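In structure tokens below, several structures.
Consider the two complexes below, in which chain A is the common component and chain B and chain C are the respective partners.
== the complex of A and B ==
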């Protein structure tokens, strides 16, 4: 176990007491990161509720692009296993998905379930690397954003644009799919692009079956969104300053709050690896980070507490990208002395005790 | 501690009680009247004393419930939280759900649609619902593994072992099938499915899948019968699907979910899909009477904005055209899929008025309220918080007439509701909301106030305004501890998640592990719901299989 207060090594209890004091003195604290096992995130949400803090996640850009489009138009979704097992047509949007582990599997495989079983899989792409894989047809991205390309593709698919063009050809191929899947990275495609893509996929479903498969980043945002929704009725970003959960992606953007001078203290939670924000050093802060991580050092924040890493030195419920759901990852090594949930719970207990005293 | 609830009108139809009397409680259980001096006496004079309410079908947890919150973040109103629980006033949250059930005197609630592939997140969410005992039903009927076994005619034992393994792994209380085969058919391009239609690529039918599950549930000894969501929900002529499914059960125990959505007879046989529908409530209740093996819950509609949540992706895909507001989410999931479609039951609209009337008709025509369970299929027909108003309408013909007078004439033309004189008694309400659902779930320890019962007790001020009476219980006890006083939560304790204690076959576990590795690249362990995943200890409580 390692803990530091103002650069000096100390024991856990002292660091927890100092963290409680620091946070109790704040008028507008932020709780950010949330790159951790669900038990820890749950404890962080409860702590934020007690503090009246705002709440922000590590994977914010992709998360809000996805959530914004979702609440405005909805979505048609599928899972990685269904894409691998059923898709005869895969549309890859942008460059980022090519780094995802599912892409080689999709490129190498073919549908084995459903009506497309036994056929070959066509891999179509916009804005990715050029032709290369077998059965891969790359379409150029139009000048401007990827979202604009999706808009033009949808216009051809709907018949709003006519004539022989690459996108007219691509639209025909999409309609010919028996089970199509569009793979994208929400942060890269952006909110308007996602909204346009979902519209395209809904149009395609008037005649065939086509779904989207958004890829998640290395953070835990997918799991955090679920937990936040059932705990507070709302997705992050959230603020509890007025005694009720309020969802506002702009207002409760932790970086913006710090930049604007609205926040006066921060708690950073990252028991899993997550880049530490540069703003953390600009205000009184507590960092709860995984043991052995580059941030488990004395100068990472005013107060630093190292905790178990889920899946390594502690067990935890985590987002499982391959299964697109939450699964439990047991510890694979020696258990840590402290878990993030325990530390956050003890901070909250101290705040509650102080309030009651 | 010995507690005496004294002087209230005790309503327990399972013991033939409906009279002023006492209820004695000790160590979390109802006990026989005692000669000893009670440690605590609760004066229930002028009150009605019932067992805690039991909910059998309410969508309170799971991936689609989460998605509904993201699709419609403004559906519920959040209010500033008073001291006690930070999120109990956060509209639609788990704590809000627990608090609102408890305030109405409910102490147990079941989420009816947990896909085994996402059991852990559903169970984590359920565990965050305070105050109540809760449980989930494991949904099967569209999974490739099960369909393969059936297609390959592997026999009843294999199906039984796979069902038992799914129940055990997901830690469910029972089994549900939702438009069996429908999700698979939808993914292969189908837009409708009836009981004997062939499911593409498997050569199966809903009948074959459902009857296999009926057999498996019986063989395992699951106390709750197979919980069935039939084909063709919400379509004119759905009554035919309901009756055909009832007959297909061939005497095996079966529970029908949200029967109101199937009690739609065709008006014009020449144009069945365009000629509208009329009430088939009488047909449904007569069919249920003739089949003592069957029960149903109602799925009562209430007027206003809601969101429909269902794993019946075939139905939800069709329903997208009626989305209000015009947005929806459909998920082609690993087995079941599902859909989240917002819907407005238009106040005084002809269709929603008829749906409203049919739900009440089902309850008022039923001669056996214990096999007729009050639900709104929350939130599909409307929120569960409307139960007090529905009870009021069942108990008060005048109130019903006043409401009907505001509605379009179609209510009288296509349903028999205006002519029904019946008013439910308190005993019948207790059957509808307590003893019936508890028996249905096979939970002998609740739904009644006989000695040995769990001390889950609701005490209401007797009030002719039944809406007011059942909205805010005067006192609610969970396991003998007061959790609600005058409609406000006073003790934020946690209940338990009820799971069936079922043995799973090791050979089937190995075989399934291999199947899952092949399909997901991850084995059975990634589907597990281990105690260690929960932030607190003592989450689960075992329920035994039938002997």
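== the complex of A and C ==
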């Protein structure tokens, strides 16, 4: 166990007391990151409620690109397991998905069940890295946003544009699929692109079966969205300043709040690896980070507390990308002295005691 | 004319939803001063931030603006509100009628979902002016929004009805437009992305998406009516509409019943 207060090493109890004092003095604190096991995120939401703080996640850009389109048009979604087992056509959009573990598996495999079973799998791409490492058919990307390419493709798919072009050929291939899947990274494609893609997929489903597979990345946002929904009824960019959870993706953007001088303290929760925001050092802050992470150092924040890493030194419920659901991951190594949920709960207890005193 | 005078820069974002002439007309100055407007656990009330002078008229002036004043005129249905300064997000959100004027700049989502009335921003506007807030079905929905300065990106995103007039606009003006009319002397890249119906009138624009096709120049009665309706709002935009125009049809990735009119020269 390691903890630091203002650069000096200390014990957990002292660091927790200092964190409670720092947060109690704030009027508009933010609780950000939320890249942790669900027990810790739940404790963070309860702490934010006690503090009147706002909440934000590490992967909010992608999360809100996805939620924005979902709230407007709905979505045709599938899971990685279904894509691996059934897809005969996979359309990879952008560069980010090529770093995802599922891409090599999709490229190496073929559909084994469903109506496309026994056929070859075609891997198609727009805006891929084009490094030749994975065999696929690459189509050129429009200059500018990736969303423009999706729109151009959709115009051909709808028959509103005609003629011999690369996208006309790609549209024909998509309609020929027996079970197609479009793979994308929500943060890279953006809300406009996702909405356009969902429209394209609905058009394709007039004649065949086609779905989308958004990749979640290393953060826990997929799980946090569900936890936030069942705990507060809202998506995670929340504020408790008026005693009730208010949802406002613009107002509770933690980076914007710090930039505008609205936040006066921060708590960063990342028991799993997550890039520390550059704004954390600009205001009084508490960092609860995983043991052994690059951020478990004295100067990461005013108060730093190292906690168990879920799936390594503590058990925890995490987003399972392969199964597209929340699953429990037991500790694989020696258990840590502290868990993030325990630390957050003890900070909250101290705040509650202070209020009652 | 009732007057709220901001004493100093607010320490946090303030929510002025329901601070309208109609809402204040039945209250005493002491009652108005107790109205909660804070958004953090400070629990600020109107009297903590503003001096209050009421005359029970249908006209309200907010002296001294701040980019932290949110939802100014958001519930306005009649009367007028004038802000001598800047305002924050969601200016006139869902406004149903009356007149709202900001002498400074406005934050994002000005006029979101406004169904009636006139909103005038003398300075610049943030992103998504006349656009839809998160999870909303539509942006501007029948009101008239005038931005004398420059609007940010996504001006008129998902607007469904009404008129937007802007000096300049950023990228993706009129994106996902459902219907309505948007006029700007200049826009950034990709105006009209994903628009289903509606009319964009632009003097100059950045890159146009590949899903818009030119349909030539036309002399339509609609354009003469547009000139007439714009003349009262902005002579410069009316002159633009009266000049030689080239028409593009799109967005062909969607319904494709929208149009972009650009200066032909």
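We take it that the second predicted complex is superposed on the first by the 350 of 357 C-alpha atoms of A that agree within 3 Å, B and C clash if a C-alpha of one lies under 4 Å from a C-alpha of the other, contacts with A are read in each partner's own complex, and residues count from 1 in each chain.
Definition applied: a residue touches a chain if its C-beta (ideal position, glycine included) is under 8 Å from a C-beta of that chain, and two chains touch if they have at least 3 such contacts.
Bear in mind that the values here come from a model prediction, so they are computed numbers and not experimental data.
*Asks:* After the chain A overlay, clash or fit between chain B and chain C?
*Replies:* fit
*Asks:* Compare chain B and chain C by how many residues of chain A each one touches, and report the one with more.
*Replies:* On the superposition, B touches more of the residues of chain A.
*Asks:* In the superposed arrangement, which partner chain does A:71 touch: chain B (first), chain C (second), both, or neither?
*Replies:* In the superposed model, A:71 contacts both chain B and chain C.
*Asks:* To the nearest 10 degrees, give me the chain B-chain A-chain C angle using C-alpha centres.
*Replies:* 90
*Asks:* With the two complexes superposed on chain A, say which partner A:46 touches: chain B (first), chain C (second), both, or neither.
*Replies:* So A:46 only meets chain B here.
*Asks:* In the superposed arrangement, which partner chain does A:317 touch: chain B (first), chain C (second), both, or neither?
*Replies:* first
*Asks:* Is A:21 in contact with chain B, with chain C, with both, or with neither (first, second, both, neither)?
*Replies:* The answer is neither, since A:21 touches no partner chain.
*Asks:* Would you check which partner chain A:86 touches, where first means chain B only, second means chain C only, and both and neither mean what they say?
*Replies:* The first partner, chain B, only.
*Asks:* Tell me the contact category for A:195 with respect to chain B and chain C: first, second, both or neither.
*Replies:* It touches chain C, and chain B stays clear.
*Asks:* Applying the touch criterion given at the start, work out whether A:155 contacts chain B, chain C, both or neither, answering first, second, both or neither.
*Replies:* second
*Asks:* Can A:242 be said to touch chain B (first), chain C (second), both, or neither?
*Replies:* A:242 contacts both chain B and chain C.
*Asks:* Note down the smallest distance between any C-alpha of chain B and any C-alpha of chain C in the overlay, whole angstrom.
*Replies:* 7
*Asks:* Check chain A for residues that touch chain B in one structure and chain C in the other, and list them.
*Replies:* 67, 71-72, 242-243, 247
*Asks:* Quick check on the complex: what are the chain C residues that touch chain A?
*Replies:* Its residues touching chain A are 11-13, 36, 38-42, 68, 70, 89, 108-109, 134-135, 137, 158, 172, 175-176, 189-190, 193-194, 207, 209-211, 213, 251-254, 256.
*Asks:* Which of the residues in chain A come into contact with chain C in the complex?
*Replies:* My answer: residues 27-28, 51-52, 64, 67-68, 71-72, 142-145, 147-148, 150-152, 154-155, 158, 160-161, 192, 195-196, 199, 239, 241-243, 247-251, 262.
*Asks:* Over in the complex, which chain B residues touch chain A? Could you list them?
*Replies:* For this pair, the touching residues of chain B are 61, 63, 65-67, 69-73, 76, 78-81, 86-87, 89-96, 117-118, 120-121, 124-125, 128, 144, 184, 186-189, 200-201, 317, 323, 327-334, 340, 519-522, 526-530, 532-535.
*Asks:* Show me the residue ranges of chain A that touch chain B in the complex, using the header's touch definition.
*Replies:* My answer: residues 38-39, 42-43, 46, 49-50, 67, 70-79, 81-82, 85-86, 113-115, 117, 178-179, 205, 208-209, 211, 223, 225-227, 229-235, 240, 242-247, 315-317, 320, 322-323, 325-328, 330, 341.
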